[in-house]
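Going in written order, the chains are labelled A, B, C and D, and every chain counts its residues from 1.
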Amino acid sequence: MDPDDDHFRDECGVFGIHGHPEAANLAYLGLHALQHRGQESAGIATLDEAARITAHRAMGLVHDVFPPEVLSRLGGRTAIGHVRYSTAGESHLRNAQPFVVEHGGVAYACAHNGNFTNTVPLRRRLDAAGALFQTTTDTELLLHLIAHAPPGPPLDRVMAALRQVEGAFSMLLLAGDSLVAARDPYGFRPLCLGLLSGAYVVASEPTAFDLIAAEYVRDVEPGELLVLDRDGLQSLRPFAAAPRRFCVFEHVYFARPDSTLGGRSVYAARQALGRALAETAPVDADVVIPVPDSGVPAAIGYAEASGVPFQMGLIRSHYVGRTFIEPQQTIRHFGVKLKLNPVREALAGRRVVCVDDSIVRGTTSRKIVKMLRDAGAREVHLRISSPPTRWPCFYGIDTPDRAELIAANHSVDEIARYVTADSLAFLPVEALREAVGSPSGEGFCEACFTGVYPVRIPARPQ
Amino acid sequence: MDPDDDHFRDECGVFGIHGHPEAANLAYLGLHALQHRGQESAGIATLDEAARITAHRAMGLVHDVFPPEVLSRLGGRTAIGHVRYSTAGESHLRNAQPFVVEHGGVAYACAHNGNFTNTVPLRRRLDAAGALFQTTTDTELLLHLIAHAPPGPPLDRVMAALRQVEGAFSMLLLAGDSLVAARDPYGFRPLCLGLLSGAYVVASEPTAFDLIAAEYVRDVEPGELLVLDRDGLQSLRPFAAAPRRFCVFEHVYFARPDSTLGGRSVYAARQALGRALAETAPVDADVVIPVPDSGVPAAIGYAEASGVPFQMGLIRSHYVGRTFIEPQQTIRHFGVKLKLNPVREALAGRRVVCVDDSIVRGTTSRKIVKMLRDAGAREVHLRISSPPTRWPCFYGIDTPDRAELIAANHSVDEIARYVTADSLAFLPVEALREAVGSPSGEGFCEACFTGVYPVRIPARPQ
Amino acid sequence: MDPDDDHFRDECGVFGIHGHPEAANLAYLGLHALQHRGQESAGIATLDEAARITAHRAMGLVHDVFPPEVLSRLGGRTAIGHVRYSTAGESHLRNAQPFVVEHGGVAYACAHNGNFTNTVPLRRRLDAAGALFQTTTDTELLLHLIAHAPPGPPLDRVMAALRQVEGAFSMLLLAGDSLVAARDPYGFRPLCLGLLSGAYVVASEPTAFDLIAAEYVRDVEPGELLVLDRDGLQSLRPFAAAPRRFCVFEHVYFARPDSTLGGRSVYAARQALGRALAETAPVDADVVIPVPDSGVPAAIGYAEASGVPFQMGLIRSHYVGRTFIEPQQTIRHFGVKLKLNPVREALAGRRVVCVDDSIVRGTTSRKIVKMLRDAGAREVHLRISSPPTRWPCFYGIDTPDRAELIAANHSVDEIARYVTADSLAFLPVEALREAVGSPSGEGFCEACFTGVYPVRIPARPQ
Amino acid sequence: MDPDDDHFRDECGVFGIHGHPEAANLAYLGLHALQHRGQESAGIATLDEAARITAHRAMGLVHDVFPPEVLSRLGGRTAIGHVRYSTAGESHLRNAQPFVVEHGGVAYACAHNGNFTNTVPLRRRLDAAGALFQTTTDTELLLHLIAHAPPGPPLDRVMAALRQVEGAFSMLLLAGDSLVAARDPYGFRPLCLGLLSGAYVVASEPTAFDLIAAEYVRDVEPGELLVLDRDGLQSLRPFAAAPRRFCVFEHVYFARPDSTLGGRSVYAARQALGRALAETAPVDADVVIPVPDSGVPAAIGYAEASGVPFQMGLIRSHYVGRTFIEPQQTIRHFGVKLKLNPVREALAGRRVVCVDDSIVRGTTSRKIVKMLRDAGAREVHLRISSPPTRWPCFYGIDTPDRAELIAANHSVDEIARYVTADSLAFLPVEALREAVGSPSGEGFCEACFTGVYPVRIPARPQ
């Protein structure tokens, strides 16, 4: 019902800071800036001088999870934090991160964005070795791997563990007296390095640096493992090399438009997607409108390239959160309306190009088209600033089964009829590649569009 | 700290429905659509077949105040609802509306948007007659006037009471078995009539009708009093005639852009304000950006008229509500940043026109200009889509004292220096009048800009 | 289901303090000691140097209603407080006390224990004079009477108002800069005066003085009105004289056993009731047990006088409050068991005298008798330390309708059969009189036992 | 400050039921009856037909932890539950039980009352084997032992694990499709078996059976392990035999007086303790009073044996829970008074024998003696119905360090002076043995009195 519900969802955001007297406060602010990457639970773990870890995690938004009195209990100059989204069935405090354990007299905490693809054999092996599982999270699995690693200092154990996992990870760990930041060799998920008054910070997106007035230094490289401790910053390359495969959908929808990822401004990329869309799918129209908020930059790009005027033809209300429960059966159909309302003046009697970033099931698009027509739009042309999403993701994104992906099972014409648009166009994959600056597609994971999976995916059932 | 804090604030929104089996649910949805008019408290009172009133009111957003179990207790086919904002000092459940009382065996409920200007003498007189005041609200005062009116049926008492008050009111009452909707003769605040499957609805803005799929019928006229009861709709004119004086600031900032007020689309008005601003205060620039969300339509208008490209150069986070309490002194200055973040790509090296709707104290504008420069803007030209706000409002808007209104005490140049903009321009009053379709200014209250108060204001101290 | 539910209930407790720097804290503690007189809502109003009143009231126990941050906001050196019980239907925050209003520039607060008997004509008259009622409480009625009193200083108005009401009142008011404590001429409900480091305190029971280490001075006399202000303590007698009619049921059940009321220790009175019961209704038995906690002193008295050993044959769990909601239909019958459990060792094979203070509907007694038999009691002889309660109270006690009072409609034999006791005996009225030290019955209201009402009761329907 | 605070505390209570359609509801009621054994956290885990475990645990009282909607989610016909107390420092949801894990495709849940004494070497070994610890609880340790046990069916693993632990355990487990109840060979902590309509129940005390109308069958024997599954009840003896060493302090203070433990009624035992105390430490007095509630049966016994009349000279308020936080420094000393108040009538001018069950630090006793004197007691003779507690417990009881145990470091005379009693007497160990029916002391653990520890205690620091 929520327009946001008919989207892929990023599963997590991570933030870390080493060597700052206000570590927990800054983690709180950093997570706040990453809230769009996960609204289900939030957590922060801090590391103090005595290598002790204190943590707090709870269901809810960052703002609600960390009232001042909780934040003030999180002492120490090093912190990692996590925001999480997950599907309803698995929604549970138990799965909230950072996960904290003790082994061999050493405290570990782990916050993870990504998804391992070889959990089944790993878990089977650990189980046989006596490992007790309290959750189904990759994070706990990694901690068991650390505990079962060959004897050695914490950092060696962490590397030994990470070398056993396949798939996507942008991960922060507290281990002994160090903060470790690791990114898988393909670099599926983003991870960036910044600097604030001499303290290093790491975050899923550099927008988190803006909020705390930290300076963006560079991306953590695919396959790189950073160790932040009293000796400063150390960069290791403990993993077998692999081709860079950054998730292109971060540019399409997940990341905040004010972020720069892999050297490319997300806002600029989305505008370019919109411009490319205008070129590949032009239409004779009176007005270009976005589905707010995510469709705005692409719609601006479309308007620029097409010369059709841009208008905010749909107004989005921001007073209702994701947790809205509608009061009664009889008003259940107000779902989308609670979030979006048309501006009749901008639509009535006009031929409307409506720009959105993706179509997952098509249910929300259908409602939006109807809403625009009810507001007097003479024609509604739906333009999607990405190719059809036909394949599920196994690298850290929550996507429905193929059976539910409308584009996996229907032609563009069929989708157009279902959403009742006068015309519908997606962006060709080639145009997407151009817009993100990689004409060959090299460097990006496009599996959700192409079904080409860079890393072997688990056999079903998982 | 909140960018919304440096704005005038509308004090209330009202919604009513008569003769619908889901009266409370529809009031809930209607208030949701009016949430921007008051986020402090919300309330609904319903009237059942036996002329009994049931009510619930609490501090908080509509969504939080009315969980399903509360809503389901509000029976009856007639309902009025209220959302409220007020200054911090008066913030108290006691003042939440609708106010419910009993007198002479008749139950009354009242929900009010506006402000009476002759409360001091009225209250003095009622006090002498033995009236007990539990609040300082106009609503309670009106109910006392009803109780002290000459003997007669409830409707006669209501009219007798309303004839004694001066100032602004768009008011809904439950009285006996009727829903009464009254608008003062000047029509300061908006009030609209709609129809949903044979049931009449009234609301501060027609956007509330959109959400429940009701049809807009017409505005309640200034000086009109509607009675909705089992005999249907009756229109009375119980007040002395007065010239229409609709609050022009509803068009500038208060109302939702998807509303139409006084026959004028708010979105269209704001775009026209932006276009007029481009004409009266042009500047050689590379990009036009709005202060989101309220500055968007004017910025689009400015871009259209000036030919300078429109960009969303500031991204607004919607995860933090008004109640955000910052955790520590040391990070207090992050206030605006928590809500707004610049898009470096759209700003760096550019000459930026930043469009906002008004400046109250100037503190937020100053922070925004700094944020834009920090993001690389070469020049920042602030354009305000309304004249300088120099006078407080006494007709239902929360405005600071004159001493705090920066434009009341400083020249435009001084303000420009304070906010550190390269240039600053407000819209001339004449251009505002044109944009709202009244070249002479007739029909509007412009007191906050001009100091010309249509109705005598109370002597200080009130 | 709760054994406490089958009792009459005192409707309120009041506490006041004048001229102490920790007025609110002491009121908090005082109300805590009076919590047994009302567990539904609690409130405190404080009066500061500038004659301003600050108040907080909420549903719940004293401990929950006043967290430290709330208490610390209640400034001023004078305070009144209130705990309340009421029947479910009227249970509402709106009715919580102290009630605070403003009239003629003077703030008033009122906390009331008692019940007026002439509210119908008073309310009719006030209504005709334009008074607006927001509640059905006597407290609000009194405040309206104050507002409609002849012009004059607050104290004169208070006295004029109180002179118009009939029935029972032990009342505390803040009026202007004074604390007023008034007790009706019959003295139905208790009210005591104490002293703490030079500050006067007033409370429903002197047990409240113990907790704060205040010294008991004397009872407030029936018909007395105390004024506590900067001139100290002033005693007035503004009411027509009447015979003392103190509620005898305070001795039977309401008051705490550690209180002394009307010069008589409640504990001693209850022991005397038990002794008298042993004399008037002896039985050949092996053990005397109380229904805890209220039946303990009488059972001790019964054991003393009869020579039958005293045992705690029923254990009471204190972990469940009054608000316990049972989880499912199927375990609904565990109600009494959740509070009481038999000690088999003390009961098995024995002839048991079970002493309780009163029987209202008989439902709980029936369950207790069954519980005792299930635990092996050979015989169960129920002894009630008061006469049969046959008449409802109109003076501040919550009693069921006559139809529900088992003793109003059934003989003692019939009741014995209903509760399945081997024998049942109540205390004769004469013995009750002896035990409370008034052989003639003079000085006490015994209406619930005798139907002789000292003050005219309202005609039905009220 | 709380009189309950100056007591040893039982650390846990457990309840289990197998094969009943209302398993969770009955566990809820059973835990309610065991609430006195732990008020810090509560939890229930249920096992359904598919051998899946569902659990809920939270900080707080049973009543608050399990609102109806939570309880209704706990499906299945088998359940175990736990109530827990722990010292403040370790108070954390993480440590709440039952603990639930998965291993080898089998779900396990564990609820434990007791304390292992060999955790240090066990934990060291498990750690070396890669076990990850999330808590410091014995329960998690046991689950790791199960996971590291030789391959085999769940029950074999459970037994292998339990055979490795030393110390005290009365433990319930869900393992595969069975409920396992195990009691260590010494039988330190109680565990009882009951039957309810064909379903077996196990509980720390039989009082839990009373509440749900289950029948007491017998104690689980020391060293016995019961398996409840679809084949019914199986009794195993997997542990090396050991002499019975039941905690004598259960009779002195921990257990509810309405329980029967080891064939001995707790109420009767306490009465016998009181009688023995009267014989070993008589005093010429006017009245015997208990410190309620725990001192009541012993005081009754003392009164019986001495002929001195029993009175409830101290009244206990039950409106304040353990969580009471006093509002201000200045009223901090009201702690005990909030719970206890003297009955002046029963004390004034009298020579008082005050019976309590134990003295830990002496701070509360000192306050009580002062309170009695302030109420007019002419003499105060403190009689303690157990020997001096001189040694800490390592078998499941929370006791202070020796340094804080007043009797470990002071003579009886010194203690008497500290608590300002006219005389003080403890019960000789021999008399305690007689009272609990074991003249030789055989069968009981008396370590807290004698320092003779039946099982080797951990070297310090643990």
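One rule holds for everything that comes next: contacts are C-beta pairs under 8 Å (C-beta built on N, C-alpha and C of every residue); 3 or more make two chains touch, one makes a residue touch a chain.
Model, not experiment: these values are computed from the prediction.
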Relative to subunit C, chain with the most remote C-alpha centre:
A
Approximate Å spacing (C-alpha centroids) for the pair subunit A, subunit B:
37
Give, as an integer number of Å, the spacing between the C-alpha centres of subunit D and subunit B.
61
Centroid from C-alpha atoms only, then distance subunit A to subunit D, rounded to Å. What do you get?
49
Please output the residue numbers of subunit B that touch at least 2 other chains, ranges allowed.
none
Report the complete set of touching chain pairs.
A-B, A-D, B-C, C-D
Subunit C to subunit B touching residues, read off their complex:
100-105, 127-134, 143-144, 147-148
Touching residues on subunit B, where the partner in the complex is subunit A
22, 25-26, 28-29, 32-33, 35-36, 39, 61-63, 66-68, 71-72, 207, 210-212, 256-258, 260, 265, 267-268, 293, 296-297, 300, 304, 309-312, 315, 317-321, 324-325, 327-328, 330-331, 334, 337-338, 341-346
